[in-house]
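Input: a single structure, listed below in structure tokens.
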Amino acid sequence: MELVLMTFFPLVGVLALVLLAPHQKNVMRWVALITSLITFGLSLWVLSQFDPTKSTNMAVQLPWFRLAGVPIEFYLGVDGLSILMVLLTTFLTPISILSTWKAVEEQVKGFMIFFLLLEVGMLGVFLALDLVLFYIFWEFTLIPMYFLIGIWGGKRRIYAAVKFFLFTMAGSILMLLAILYLGLQAGTFSQPQLIANRAIYAGAEMLLFLAFGIAFAIKVPIFPLHTWLPDAHVEAPTAGSMILAGVLLKMGAYGFLRFNLPLFPQASVQAAPVMAILAIIGIIYGGAVAFAQKDVKKLVAYSSVAHLGFVVLGIFALNVEGVSGAVLQMVNHGISTGALFLLVGMIYERRHTRELDAFGGLWKIMPIYAGISMVVTLSSMGLPALNGFVGEFTILVGAFGSKVYGSPWFAGVATTGVIIAAVYLLKMYEKIFLGPVTHSENKSLKDLSVREIITLAPLVVVIFWIGIFPKPFFDLINPAVEQLVQLVQSAAMVLH
Amino acid sequence: MTQMSDLLTILPVFIVVIWAVLLLLIDLWIPKGRKGITALLAVLGLATALGVDLAIQGQTSFAFNQMVVLDGFSSFLQVVILASGITAIALAYDYLKRMDIEHGEYYVLLLFSIAGMMLMTQAYNLLMVFLSLELLSIPLYVLAGFARSRTESEEAALKYFMLGAFASGFVLYGSAMIFGSTGAIDFPGIVAALNNGSANLILFVIGAALLLVGFGFKVAAVPFQMWTPDVYQGAPSSITAFMSVAVKAAGFAVLLRVFLVLFPSLADKMTPVLWMIAVLTMLVGNVVALAQNNIKRLLAYSSIAHAGYILMAFVGYGNGEVATNSISSALFYLVAYGLTSFGAWALVIAIEKEYGKGLMLEDLSGLGKRYPWLGAAMLIFMLSFAGVPLTMGFWGKFYLFRTAVQAGNVSLALIGLLTSLVSAFYYLRIIVYMFMKPGDRELHIDKWVSLVLVVTALAVVALAVFPGLIFEWAAQAVMLLQ
Amino acid sequence: MPISYFLAISAIMFVVGILGVVLRRNALVMFMSLELMFNAANLIFVTYANYYQVLSGQIFVFFIMAVAAAEVAVGLALMVAIFRNKHSIDIDQMNSLKG
Amino acid sequence: MSLIGILFYAFLAIIAVASALAMLIDRNAIHSALYLVLNFATVAVLYLALGAPFIAFTQISVYAGAIMVLFLFVIALLGAEKLSGSEPLKTHRPLAIVLALVFIVEIVLFTVFRNQDISPMVILTQDFASPKNIGLTMLTQYALPFEVVAFILLSAAVGAIMLTKAERSPAYKLSHGEK
Amino acid sequence: MDAALVWEWIIKSLILILFLTIGFAYVTLYERRWLARIQARIGPNRVGKFGLLQPVSDAVKLIFKEEFTPASADKFIFFISPIITVIPALIILAVMPWGEPIRLFGREIELLISDVNVGLVYMMAVTSISVYGITLAGWSSNNKYALLGGLRATAQMISYELALGLSFVGPAVVAGSLSLVDIVRAQQSSLWYVILQPAAFIIFFFASIAEINRSPFDMPEAEQELTAGYHAEYSGMKFAVFFMAEYIKMIAISAIGSTLFLGGFDGPFVGTFPWLGPIYLLAKIFIWVGVLIWVRATWPRLRYDRLMQLGWKILFPLALLNVMITAIVVVLVN
């Protein structure tokens, strides 16, 4: 029941918000913040009861209804793959809400309602173990995000919102078809049971893998299905970009882990090299394009494409290092990129521009801001002792030793991605913070307020924590990852 | 001879027609300008019939020498139709006054049409099929042209009439062919003739095809859809709302019954045709809807598209295992579509300024901001139309596509899914206008329309959380199909 | 006479009716063509009532006639009403409904 | 069948088809209506031949006597006989004609040549379609349809009146206290 | 087919047509004399004994008159309209029995052309098509008075056809048959239907006058308003044909009315002397026509809206009620 309580707790806040009068903007903000904080508290409670060695923790399995004899269940559960994602979600949500304190002035009520609804959706996606339930949550996250981009976004917000919606929906169409097929063949929609009955649909594995895979690939996004991402990121409000980059993109990668690998192991093994190549193209392409950007937000957006390329590379290495590195890197990316978007948003609030050329020499004017930015940028680059390094390093180790890739070249080429990242991130940092102050408008900029520092502080703390002492995180992840990898490998062996 | 049990079989229909006739008389004493009383009385009659219908759920019987049948299928659809009728009256209550076309006959004709639809769900004889088709159509022709001083309304009525009568012609010729091939017009007789091989199969196939064409017109399946946008646009919105749900329900009711009872042996010939029609209907409806700027026309094309989805359920009708699922998925989809459609039309009625005015998409600008609840309701309806989860529309599509996959028509389900992606685009346009474009229009939403909005929106969401209710009811209805 | 003689006449009448609806633009003539279609169906019913020697075919025709009368009443009323507004019953001129 | 009989039926067929075509082609709506009456009358004769005298006379009475008279009435009343002087042949029309011809050929082929129903029509006893038999069948076995038709006619009557009832002039409404 | 039977039909038909055309001629005389008598005049009495040759001289005059066709008339329809008008009047009596069968030349000869079991429906059908001639005449003249007359006639005839048809139903239900022969026989064995079906009789009487457009229901040709209505443009023989149709219709409805309500050829001793039958029927027709003329002489013309009201609001409901009551009574009695 803990899971249900945690997942749906934000709805309490939604209800409270609905009842508030339109002018009580500050009350609304507080209500939303407190709700999300309590949700975070609940997730910590879940963590306290979490046992990494069990495959599903705190499972809630309620019969929902039967459709033509096939049960559709309300089936939630948490394991090592999802626990970090859940924590990431509940952790980032209050931070995002805090970041909107000044940024969102219009229709605060609607904004907060959509934000909390989004949290429900995201938690549901990470917890659902019934395919239909998963699909419902998956699609449901679209709606609040669509509005967050479409109402509170930038100039081309409508275009970006519709593009985001249609791309994701297009992906999920095939997934729905695959879910229907699985349910029909196996007579169940529950993920564990489907794994057990894998033999029934083994013949169609590759097609099913593709159907699921395209949906997740769009979400991740894997090259060449990434085109919606820069638009959505750039046009979304800061909090939206944060959540989008921090959590929503992880849903895709998580989907691969949760469904593609265990349900279609043989197909996964077969597809792994292709996926890895796409991931590497994504890493290099994302980096190259990021380098060419003049808009900071676009730069960060393209950097996401590159970073998630690493995640995919790790997942399809199909060994323990690769997968657990990928899971950790998902968290890392959520935190680092989330923080980057937050920083971009803060400067945008002050200058109403994101052009790289509009800045320069901010180091002198906003020292605290510059300092935090330094930490975050370096973490995103993967500097040792910061979180990014741990994740990327583990992934590269995994890729290097991966049997399915069969060649160290994959890891070798991917490593160039790390260098590219260093290049464009340092270029960005230099253009904004170093050198002389070229624009007179920048001279009067104020440094971070206390609220903003409070917003950023937890992120910085986690960046250092993971970077210096990642063991507790790996302890959470590893048992589940080992199970998963074993399952995939044994299935692949059997089928070979 | 007629007996009490016969009467019991058609009791709901009986109540509605008798009430219509009485209402015609009572209306004479209701002063002009207070025709709301007539509306309330009409609702009373429909509610009584609805109550009776719910009370006799689960019973099955034949009556009037097997002219009509009462089974789960018919009582399910009758509940849908009666509920549509009540909703349509709620929508019309204030609308007619505003458009200055308030006459008591409106409600009387509506009741007659409803009676025709109800009878259609029960028809078990080609003669009854034809007559109930006419009983439902003729009052609707008039109702479509009810705004007499409006050229649009009259044109809509004339077009509807022409195409409706044209469709009747096909139904009739088809019936004649089937009679010619089997020598019977009652379903059992036709089936018997088919089974003992005395039927002339060539004639039978021609007849079946003609029937399909005729009913294709009624449910607005492509390529027989050309009347729909004009009629939907020109007719009074309160009638359009009714047509978009109830006529479809009745049309599909008879189509389903005819196909399942009479044409199972033609399945191999019919399936490709139905496949083609379903695909075309989904494609044309959704693609053309993209280009629409008038909400009524947009919803008209969307209703064509939804007819296509329901037709998808038919494709596998010949497959015994799938057949029950086809019907119950079609029934479920009808409920989902009906609730959603009424909600959307309630909004159209709320924003219609003068007759047919203020219905362009730009006129929606800013409504979501100004009327958040209205906006939320419309959001729910549009998402439900598009088939996004946590709405009835999602489960409807889910079930339909499942049926299609089960019948082995993965390609069909894929086309359905792709077209619903297309449809998401124009439904999102409405949302974009409502929430993301500036504007400040005043609406006057009367209490009945808002009631409809609230009830349908809540139902679309609540029944999406607990869809098992309707699923089971639909499945049960099919179990009792005669 | 063989039954098919009547069927052929009926089929031709039906098709001419369809053509009338499709080709003619005068709403009244279109309507007449519809009546022709109905009659074609009637002829089949009566023919096969004779062939099978069952009365139901003739009964059906009887009902069709009643319904046709009802349809005519409504249809002509519509045409009179529309003529009052537009002074035309040319279907091609009915173009006030556009998207 | 005797030669006279064949000639008789051929004559009827020619009239039926020719009058239908003439209805389609003639530009004058009144003429079209009259051709249609001729067609209906011919069909009535066919009904007589098929042993359906009751239907035959009802056909004359309802179709010729009521329906077509109403048509004539409305055409004359509206002066609608020559409204559309030239009906331009649009692109889809030749297509329609071709399709229709194909359809005709198909049906005629089916019905006349490939059909097993080349059995001759039956000479029925007078009793078969006697008014008494028809009445009995209609009011016992077909009682429900009979009632339904009543409601169809009622709703049609109400509808027709609704559509054509003259809107009262504002002056009249004012003087009678109507709003 | 039996050749003798064909000859028999042809001869009987010729006799009927001859009777009706000659009857028409003399009904005009009858009307003029009778009207004159009512109006305290003498009437035509110069041509032949009692004016008996007057119709002949009228006919000669009309034949030699110049026929005029309006330039913008629809020529063909203008030409056939009078013919269309007269034919129903001539054929409607085909199903009416004139008497008991008689033996002649060794053959049993029925005194009617055809005893179809749907006689009354046949009559309804024929009545209903008789409206064409008038409508078309009004339309084809291309004259607004004519058109108005034609339209009025159409509306009036359609309206009264309902009541007329329903008034047939009463006798048919009581007799249990649609055949006129059976109806006459039924009246022989019980009472005449004027007594059993008084309401139907009255309805038939009025509706039939309206159906043939005679005074006081002669709206379509109201001279004062429409300058003779639908036949305003007709002259010469065409006009004569219209005229003929009207008078033949008078005879026809008198004959039908007599058959349905006054026992037809029934009368005292008709069983013993079959040849009395036709004589009785002729006498009844003679009286009925006389009454029609009398009505024309005494009643003023109705206003058009009143005429419609009478038809729709009085006669039609009354006829329905009569049918219902009759049906109930018949069921109860049997």
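Should a chain be cited, it is by its letter among A, B, C, D and E, assigned in written order, with residues numbered from 1 in that chain.
Everything below uses one rule, namely that contacts are C-beta pairs under 8 Å (C-beta built on N, C-alpha and C of every residue); 3 or more make two chains touch, one makes a residue touch a chain.
Source: prediction; values computed, not measured.
Chemist: Within the chain touch network, how many edges lie on the shortest path between subunit A and subunit E?
Modeler: Shortest path length, in steps: 3.
Chemist: Can you name the chains that touch subunit B as well as subunit C?
Modeler: D
Chemist: Give me the two chains with the most inter-chain contact pairs.
Modeler: Comparing chain pairs, contacts are most numerous for C-D.
Chemist: Centre to centre, using CA atoms, which chain is the farthest one from subunit A?
Modeler: E
Chemist: Which chain lies at the heart of the structure, taking centres as C-alpha averages?
Modeler: Given all protein C-alpha atoms shown, the central chain works out to be B.
Chemist: Report, in whole Å, the distance between the mean C-alpha point of subunit A and the mean C-alpha point of subunit B.
Modeler: For subunit A versus subunit B, the centre distance works out to 43 Å.
Chemist: Averaging only over C-alpha atoms, locate the centres of subunit A and subunit D and give their separation in whole Å.
Modeler: Here the centre of subunit D sits 71 Å away from the centre of subunit A.
Chemist: So, what's the distance in Å between the C-alpha centres of subunit E and subunit C?
Modeler: Distance between chain centres, rounded to whole Å: 33 Å.
Chemist: Counting in whole Å, what is the centre-to-centre distance of subunit B and subunit E, each centre being its mean C-alpha position?
Modeler: The separation of the two C-alpha centroids amounts to 52 Å.
Chemist: Name the residues of subunit C that each touch 2 or more other chains.
Modeler: 7, 14, 17-18, 31, 42, 47, 51, 56, 59, 63, 67, 70-71, 74, 77-79, 81, 89
Chemist: Which residues of subunit E are in contact with two or more other chains?
Modeler: Expected reply: no residues.
Chemist: At least two other chains touched by the same residue of subunit D: list those residues.
Modeler: Only 54, 58, 66, 70, 77, 107, 115, 117, 142, 145, 149, 152, 155-156, 159-160, 163 qualify.
Chemist: Could you list each pair of chains that touch one another?
Modeler: Chain pairs that touch: A-B, B-C, B-D, C-D, D-E.
Chemist: Would you tell me which residues of subunit D are touching subunit B in their complex?
Modeler: Those residues of subunit D that touch subunit B are 107, 110, 114-117, 140-145, 148-149, 151-152, 154-156, 158-160, 162-163, 167, 178-179.
Chemist: Considering the complex alone, what residue numbers of subunit B touch subunit C?
Modeler: Residues in contact with subunit C: 126-127, 130-131, 134, 138, 141-142, 145, 148-152, 154-159, 161-162, 165-166, 168-169, 172-173, 175-177, 179-180, 183-186, 229-230, 233-234, 291-294, 297.
Chemist: Would you mind writing out the residues of subunit C in touch with subunit B in their complex?
Modeler: Touch residues, subunit C against subunit B: 7, 10, 14, 17-18, 21, 27, 30-31, 34, 37-38, 40-42, 44-45, 47-48, 51-52, 54, 56-57, 59-60, 63-64, 67, 70-71, 74-75, 77-79, 81-82, 85-86, 89, 91, 94, 96-97, 99.
Chemist: Help me check something: in the complex, which residues belonging to subunit A touch subunit B?
Modeler: Touch residues, subunit A against subunit B: 64-68, 107, 110, 132, 135-137, 139-140, 142-143, 146-147, 150-151, 157-158, 161-162, 165-166, 169-170, 173-174, 176-177, 180-181, 183-184.
Chemist: Could you please specify the touching residues of subunit E with respect to subunit D in the complex?
Modeler: 74, 77, 116-118, 121-122, 124-129, 131-132, 135-136, 138-139, 147, 150-151, 154-155, 158, 161, 176-178
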